[in-house]
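Given below, in the form of structure tokens, are the structures.
Two complexes, one shared chain (subunit A), two partners (subunit B, subunit C).
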Partner chain A sequence: MRVLVRPAQYVALAGYIVFLGFPLLWLISASVKSSAELNSLTVSLLPSQWHWDNYAQALARQGLMSSAANSLVVALASTVLVILIAMPAAYVLARLKGAIRVAGVGWILVSQVFPVILIILPLFLILRTMNLTDSLVGLTLVHTTYTLPFALWMLQGYVVGIPTELEEAGSMDGATRLTVLRRIVFPLLAPGIVATAMFSFVSSWNEFFFALVLLQSPENYTLPITLTSFIGGEGKVALGPLAAGSFLAAIPSIVFFSIMQKKLTGGLMAGAVKG
Partner chain B sequence: MSAPTAPAAGPTTSTAGRPARPLRHRGGLERGRRREAAALVMPSLLPILVLSVAPLVMGIALAFTDARLVRHPDYQFVGVDNFVRLADNSFFWDSFRIGMIWAVSVTVLQLVLALGLAQLLNSGLRLQGLTRVLALIPWAMPPVVVAIMWKMIYSPNAGPLNAFLGALGLPDDINWLADFSTALPAVIVVGVWVGMPQTTVTLLAGLQQIPGELHEAASMDGANAWRRFTAVTWPSLRPIVASITSLNFIWNFNSFSLVYVLTEGGPGGRTMLPMLFTYLEAFKNRNIGYAAAMGVVLVVVVVLLLAVYLRSQFRDDRAVKKG
Partner chain C sequence: MKTRGVSTAACLTVTALLVASCSGGGGDEGGDGGPVTLKFQSLSDQPAAIEATEKIVGEWNDAHPDVQVEIVPTGWDGVYDKLITQFNGGAAPDVIHYEAASIVPFARDGYLADLSEYMSDERKQDIPEGVLDSVTVDDQIVAYPTELQSYMVFANKKLLTDAGVEIPTGDTMTWDQLREIAKATTKGKTYGLGWGLSSPTAAFMTLAPGFGGEYFSGTGQDAQITVGDGEMALPELVDAMAYQDKSILPVTLTQSGSEAIASFYAGQTAMTVQGSYQAANIAKDAPKDLEWVVLPPLAGPEGAGQAANPQTLSVNIDSEHVEESAEFIEFFTEADNLAALNEADALIPATTSAQKVMADKLGDENGWSTILASGQHFVSAPYLFADAYAQWKDTVATPAYQRFLAQETDAAGLQTQLTDGWDEITQ
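After this line comes the complex of A and B, so read on.
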């Protein structure tokens, strides 16, 4: 009986590996197959010949490059905004105690689980009066607002790690608050800022719902919207280039997750990276 | 909208020339410090108030109007009319029921599968490194790419799933996402695939905190594997299971993108999650007031779930303190 436990465990593990890994493997495989092979009835994981042309086609495809550029602009702009406005607030949040801190942390938690469907309706009307629907500026502001809670949470965690003695030493020397923040706190925060910036970038790059609601003209589409518009036409899709484009779109988050792998354990960190 | 960044200049001027002291102060903050803290928080607070809190309040107000999503809206206060209509809208409640089936199935399957995987990853097998990396893949993919990927797998003609079934001699012509009976189970599998990694990682962290001596002691007393699980593992994991399960349930209930791209709620509404239903009412039927009423109902459900979650957390906290 005991002898059978290990083999059974390995069989189960193999099952998990196939279930978790196969879909991505299939996407990559489809991205290097010719359309003839993708539509043939003999299905195999390895392509009969490697068809790299799909990548060239995906990139040349109408709208894909410009959507990638839109995604890049929105993701970079919202990342910069998030970091700039979150840094001072995260500092306060980390150094405070009592009711304000409880309120701040409570709001962060609630914002991670609150259904956005009710908020998007008036938000759409508000942004429309400001002429910010169907606009990358509007989308950037929305992404900034909705990445902010978790960015604050990440950053304040890093601030807590900076001993207050360092600040006190700085102020003994007569430095002002701003100097202390700029010379002592923010430089020590660098790793936290990098991690938070990467998180903000990936959240915005992957974001679908707000982009779907807010953007209307194809020249403003972000990458996820353009990708879904390709699968809309029933049966008419060139699967190879679609797979290639999808794989390219996934690269930023794959990079982020491989770097953050060790940190993605437990707690709120595990919580809020939900799509 | 440059407003949110403007107040950032506040603290620089007000503190210039004054030596800084740490913000934290025994017995609270004195007035100057408090004003300074407010100025530092303001750039974050402003966009949140304008783009998140104000819309929430307006959204609730909208639910009591007959607003339509048209160029020059002209709407009136209609009291609870929308809610009365909604109570009779069987399509909405069908969608609510589907949302519940979806959220319960995905959450439970996620938990069971993740618990199994976490146990395997905690039992000294080979290939653990590989599995850990693989386990993060679903988590790392953008939802839209996940949906595209699974659409290919479920493809009725040249999809690998049907090919695999055919090779086993089983029916191989199932149109998974378009068939009335298979569509909901098929999207549930994708939901499980997406959510499993995070649950696994959380549970694994919990498992690793259980001291090895507990298991050894139980073994010495002659406990078999199942007995060790029920007597040692499960009781230690319970608080983590409670919190990750309630959070997963809320997230799954709120889910939109994945199913929207996979099926758009079809076939025949069989995968119409409530968030999709509300979205379509607002942006396709353009009944934004009515959709807001649906949104309010969904928010109330989520807030109730959240309250249950927070209560369980609070109870655990107290239990820990007492213990």
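After this line comes the complex of A and C, so read on.
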């Protein structure tokens, strides 16, 4: 009986992986099918004929690659900004008691309940005054601001998980508060930082609405904006090229996740146990 | 080591922001004495249509060095929210491409310029009355209509002839004829008709004029709804075909038009009702052995009228160059230009002259002569001018029609839901 448990676990795990990965597999499958096959009743994961032209069409679409570059720049910049701001702020939120913590938590919760549609117009006007509409700098700041509250909430959960005794031990050895942070807290926070960075990166990479409204010039468009150009009016959708473009768009995230996978898993587990 | 990590992160941020700032900022119009630059927000999405638009704009720019037009390509998704923010933030483009149903509210709110005096008499006479009505708000022409779609019936020639049906010809065919053909061709696993009605409101609104259905009278906040015999005729006909005749493939009633077309390709349905633009897709994607035809426009007791909701070009009222923008649109909508654009988009030109150019060029290829002939039947769409229509459509009409088509409510229930829902929204 016990001999069967381990294979059963692997089978269950394999099933779960297939379940999670199926949308991506289907996307890849759709990206190599002709529109005739995509519009037929025959359902198959493997295409009857490999139709690479979808990739050619997607890449030929105006600005797909430059949009990807814009997305990468904005996502990386906003991720770094979020982490740089969230690290000290999360520490304060987790360690200090009293009014600052209450105000911080209140701000985080309030910022999460506002629908985007409510804030977009005032945000647009503010950015326009600062000459930051139609600018990747403006979009980076918006993504940073929008992602920061949740990132802060996420990170402070990891800070709480670090025993204060470790900091006290550092202080006893003569370390200043800054040294304690640099040498003890932040290194222990690495898994949380990675998880938060992943969240920030993906949030910015996929963000559509702010980019749609704020960016006016095609040369500034991010990837989600360019991808929607495959969806036309009157119900017309270029499904094959859209799937090809979407798969290409997913590659940087997949690569980023692959690189960070080990630390991300550790970070999530740490959060689950202590957060 | 840790310090180096923080420094790297800081450097990365600064570099990324510098790169961002270098690529940030859009072009603006020239300074004093320089050429005027008009921003043209285009929703053209098909590669051929993008090319056609660029060609037209290129020709304009070559001929008008003092008034240069810059295309700002935008997708359809979310464009309403983008525009409303742009209008309120004073950053809307000069020339705006959008559908009539969505620009009427903008016109009512005073965001669009009155183009009545800029539109040439030649153009006014060239646009069918019902189509021009669709862009006329409070006696002001607020846009130039450019492209339209009509609902057409695509038929599998072999299945019809095998069933002994004579394929209809002539200027129009009646809904009764459609019903009879659907019954005759329903055999075994083959159904007479497939109709993607997962979002049925647009189809029922567009085709209601053939039965004398108008749905709305009055305009703006004063619009009133009427759901009488004319309005109920088509939903009841579909219900009868689906559940009495059993000649509509049931699953298609829950699908979009594009999804329903798959069963037409597979020979599961002998006919399918689709937007006319699908002619191009069917020509491209249908199995080689599928011989198909476009049947004449459907006519009810009141004719073959279909409500017009054209794509349009309008001008931002706050543009510093309204006159130049109107001149550009006048050029854009010249017969040859409009024909080229509509051919690329597989749509019906909004002007009679462009329809003729397209008809002369395409002949009867892929049923185009029949599709283009349907362009003469467009009539005004009262729903465009009812302020609460969009909300009513999404929250009342579509769910009510879906329940009716699923036989969860009867005709009287549908009638009540449509009218009471409107009253609740507008109270």
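As a working rule, the second predicted complex is superposed on the first by the 196 of 275 C-alpha atoms of A that agree within 3 Å, B and C clash if a C-alpha of one lies under 4 Å from a C-alpha of the other, contacts with A are read in each partner's own complex, and residues count from 1 in each chain.
Everything that follows uses one rule, which is that a contact is a pair of C-beta atoms (placed from the backbone, for glycine too) under 8 Å apart; a residue touches a chain by one contact, two chains touch by 3 or more.
Note that this is a predicted model, so its numbers are computed, not measured.
In the superposition on chain A, no contact is made by A:Leu188 with either subunit B or subunit C. When the shared chain is aligned, no partner comes close enough to touch A:Val105: not subunit B, not subunit C. Of the two partner chains placed around the shared chain by superposition, subunit B is the only one that A:Trp205 touches, whereas subunit C remains out of contact.
Within the superposed three-chain model, A:Leu178 lies in touch with subunit B and out of touch with subunit C [touch as defined at top]. Once the two complexes are laid over each other on the shared chain, residue contacts for A:Leu59 go to neither subunit B nor subunit C. Put simply, more of the residues of subunit A are touched by B, taking subunit B and subunit C as the two choices. Of the two partner chains placed by the overlay, subunit B and subunit C both lie in contact with A:Ile231.
Applying the stated contact rule after C-alpha superposition, one finds that A:Leu118 touches subunit B and leaves subunit C untouched. In the superposed pair of complexes, A:Ser40 makes contact with subunit B and with subunit C alike. In the superposed model, A:Trp26 lies in contact with subunit B only, and not with subunit C. Subunit A uses residues 39-41, 81, 84, 117, 120-121, 124-125, 132, 137, 208-209, 212-213, 228, 231 to touch subunit B in one structure and subunit C in the other. By the touch criterion given at the top, residues 1, 4-5, 8, 11-12, 15-24, 28-29, 36-37, 40-41, 43-45, 47-48, 50-52, 54-56, 58-60, 62, 69, 73, 113, 116-117, 120, 123, 125, 127, 130-153, 157-160, 163, 193-198, 201-202, 204-206, 225, 247, 250-251, 253-254, 256-258, 260-261, 275, 278-279, 282-283, 288, 291-292, 294-296, 298-299, 302, 306 of subunit B touch subunit A in their complex.
The touching residues of subunit C, counted against subunit A in their complex, run 2-3, 6, 9-10, 12-13, 16-17, 19-21, 23-27, 39, 43, 45-47, 50, 72-78, 81-82, 85-86, 88-91, 93, 99, 149, 256-258, 261-263, 265-266, 268, 275, 277, 281, 284-287, 311, 347. Per the touch definition, subunit A reaches subunit C in the complex via residues 34-36, 39-41, 57, 60-62, 70, 73-74, 76-77, 80-81, 83-84, 117, 120-121, 124-125, 128, 132-140, 182-183, 186-187, 208-209, 212-213, 216-220, 225, 228-238. Of all the residues in subunit A, the ones that touch subunit B in their complex are 5-6, 9-10, 12-13, 16-17, 19-24, 26-27, 30, 38-41, 43, 45, 81, 84-86, 88-89, 91-93, 95-98, 100, 110-111, 113-126, 130, 132, 137, 141-142, 144-146, 148-149, 152, 164, 167-168, 170-171, 174-180, 205-206, 208-209, 212-213, 224, 227-228, 231, 239, 242-243, 246-247, 249-250, 253-254, 256-258, 261, 264-266, 270-271, 273-275.
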